[in-house]
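Next come two complexes, and both contain chain A; in the first it sits with chain B, in the second with chain C.
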Partner chain A sequence: MTLTLTTTSVEQTRTLGTALASLLVPGVVVVAAGGLGAGKTAMAQGLASGLGVTDRVTSPTFTLLASHDAHNERGIRTMLHADLYRAHSGEEVDDLAIGEMVESGAVCFVEWGDRAPDVFGSERVFVTITQGQDQDERTISIANHSTVITDQDLHRVLGAWVR
Partner chain B sequence: MTTGRILAIESSCDETAAAVVTRDLRVLSSVVSSQIALHESFGGVVPEIAGRAHLEVMEPVIEAALREAGGSITEPGVDAVAVTAGPGLIGSLLVGLSSAKALCLAWGLPLLAVNHMEGHLFAAQLEVPDLAFPAVTLLVSGGHTEFIEVRGPGQYRLLGATIDDAAGEAYDKVARYLGLGYPGGPALDRLAQLGNPKAISLPRAMKNEGLDVSFSGLKSAVIRAVDGDPSLAIEDIAASFQAAAVDVLVIKAMRAVDLVGARTLVLGGGVAANSELRRRCAEEAHAAGIACALPSMAMCTDNAAMIGAAGWHQFLSVGPSSLRMAANPSWQLDMERDA
Partner chain C sequence: MKILSIETATPVAAVALAEGDDVSVVEASNDMHHVESLIPTIEAMTSERAWSMSDIDLIVVDIGPGLFTGLRVGVATARSLAAALGCAIAPVSSLEVLAHETVEQADRWVVIDARRREVFAQHFHASRALGEPRVMSPEVLGAAAEPRSVLVGDGAQRYRDIFESAGLTLLDDPLSPNPAAAIELVIGAKRSSGIALEAIVPQYLRDPDAVANFHVLDRFQR
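Right, the complex of A and B next:
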């Protein structure tokens, strides 16, 4: 199932990330795509906030992968925040060992994840952010490719954002 | 018998590095993998990111550092081994830390686990031994944009940081958008010197608020300006971006200097090579009547000599680390967050 949503400010994109967090369970990877300045990091910040991460979440472009302690009631103890902007090959992405870490109970938000969408296991949610009509408007499609999040829950939590 | 030397190893991100540093902080050798001739041994292919790359070059880099300082793997001529244990990529950190532990076991020497960020804060002291404290260090690179009060070795306070993109990241992403290749920070800097910094009006985010900075909006504003007016000269775009980015960094740095009564402004990190940032920092520090420490490029970017300097501080003031010490990818430097 794919939902197509609209946000009209960076704050709304962040809030959408927080809403998305309420759907996550251990082992899910959010594969995010979108150009420079689309709002991927903002969504990651909202997601982190929804998972009870207290660290400051910034862009991991140069550090490639950040690991944040999470505090929530859904058993997610770690939020990984990856960025494939600098990656050259699937092998390099493999070296980040994201698959192993999510298997042991973390969730992961991957910016530029569309550059290697197939190396993150089977529990994936695809997020694609594109520029809307106005400067601050974004069209955000969310495609549920997981077995652990139901389409019904996706619609219940995010349906209000559909325009 | 003590030698007054330590071997230092760094592998937290892209660079594999080793150095030998004396107790009085003289750098006897400092080898960074990208500098040595790897072509013969590795067929010219040096992956930029992979942790595996560290594994391939770690041993030759350590051997080169020991050799340049007059030692060898069998006769190292050092008193201890310092190594970066975090923050960084776990796979990359493990290569350095495991190598250091193995050498410590083989040589019967103590291990010194060092925080990478503390290394950056010590880098300036390798070149400016009589640096006056308190200092404000602006640590600015692809991964960091932080304003740190340094009251003395081991005494730090985080004053402000980026809330989204690091400054170096904004440079490289704008450069790539302008078709300058990657990493494009230095190319953008060169172009900027030919353009008009007032050609495009760009935001200085949070200019009047606190000591945090934001570069995400500036990046987006440049992209919008470029998309909106294809006739803009690339030199003018570069100059306008550079003026806005450096403005924010310098304004905040000087605010930090005022706040803590700093006697020295220190630049560190890869973006410290930026010509405009160096010029403006020196100018503003001079106007404020304080010193400005601008370390060389080799000392600003990741290297092991700075890990050696931080290692000596730890050796003399705290003591060795346990050989059970684990790598810590998110090791926060022991500093308070300014309330």
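Right, the complex of A and C next:
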């Protein structure tokens, strides 16, 4: 199932991230696509806040991967945050072992994840952010490619954002 | 000869020390906390035997296939120690160690959990490998293995339902490679230990299609 949503500010994109967090369970990788300034990091920050991460979240552009302790009631103990902007090869992304690490009570948000979409395992949610009509408007498509999040829940939590 | 063996290919990390027939094995961690547990375990075991680290003649290390996160710790630890102590180092394959432990089962597939709903698997008959190690889905392995084969390893157990419904038999243990068996394998095979440190790297079996699907950023995206 794919939902197409609209946000009209960075704050709304962040809030959408927080809403998305309430759907996640350990093992899920959010594969985020969208150009520079699209709002991927804002969504990651909202997601972090929804997972009870207290660290300051910025894009790990140079380290590729950051790990944050998470505090929530859904068994997600770690939020991994990857940024593949500077990745050079599929092997390099595979070496991050994201698909492996999320199985230990973690979720991962991968900026530029569409660059290597197939190395994260089978529990994936694809988020694609594109520029809307106005400068601050974003069209955000959320495609559920996981077996652990039901389309019903996706619609219940995010349906209000559909325009 | 004093030998240290390091095992980190699965969530169960373990260390073995051997001197002749005197062999001891300790499980360092079973929850992927390999970084925190490995060196303290080695220190405790060597001091119990009153070995100085510089007494160690050979380090045996499992280079996988297995979990990336575990192997990196094990291989980096083994290489650092070998470099610091100036001793020999010998790599072993996780699948070959498990095969060595189950050599009395003539025909078997050794199967290690690769996460991401995949397994690392290799087919053995007695002490001979019948093929290369491969990464595959449990369903593909279930279809490929013949009923006369038994399956062994943590990957076999994790997908027990799939393998059993394919009519295959599982061994309940061992689940993870035993670092003492790795020492036996190295000694028994009289493997050359004159291997360059740089050549000791984790064996990451990859899904070739998945890593090939990599998109180079074009000018517009940058």
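In this section, the second predicted complex is superposed on the first by the 163 of 163 C-alpha atoms of A that agree within 3 Å, B and C clash if a C-alpha of one lies under 4 Å from a C-alpha of the other, contacts with A are read in each partner's own complex, and residues count from 1 in each chain.
Following the convention adopted for this analysis, contacts are C-beta pairs under 8 Å (C-beta built on N, C-alpha and C of every residue); 3 or more make two chains touch, one makes a residue touch a chain.
Remember, predicted model here, so these are calculated numbers, not experimental data.
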Point to revise | Touching partner for A:79 - first (chain B), second (chain C), both, neither | key: neither
Review point. Who does A:24 touch here: chain B (first), chain C (second), both, or neither?
Key: neither
Exercise for review: Determine, under the contact definition given at the top, whether A:122 touches first (chain B), second (chain C), both, or neither.
Suggested key: second
Exercise for review: Look at A:67 in the shared chain and tell me whether it touches chain B only, chain C only, both, or neither; answer first, second, both or neither.
Suggested key: first
Practice item. May I ask you to decide whether A:91 touches chain B, chain C, both, or neither, giving the answer as first, second, both or neither? Key: both
Check your understanding: In the superposed arrangement, which partner chain does A:107 touch: chain B (first), chain C (second), both, or neither?
Key -> neither
Practice item. May I ask you to decide whether A:99 touches chain B, chain C, both, or neither, giving the answer as first, second, both or neither? Key: second
Point to revise | Where chain A meets both chain C and chain B, residue numbers | key: 36, 85, 87, 91, 95, 97
Practice item. Please give the residue numbers of chain C that touch chain A in the complex, ascending. Key: 32, 67-69, 114-117, 204, 206-207, 209-215, 217, 220-222
Practice item. Mind listing the chain A positions that touch chain C in their complex? Key: 35-36, 85, 87, 89-91, 93-95, 97, 99-101, 103-104, 112, 114-122
Point to revise | chain A - residues contacting chain B, complex | key: 36-37, 41-42, 45, 55-56, 58-59, 61-68, 85-88, 91-92, 95-97, 135
Review point. Which of the residues in chain B end up touching chain A in this complex?
Key: 13, 47-52, 87-91, 141-143, 161-166, 168-169, 172-173, 177, 216, 219-220, 223-224, 329-330
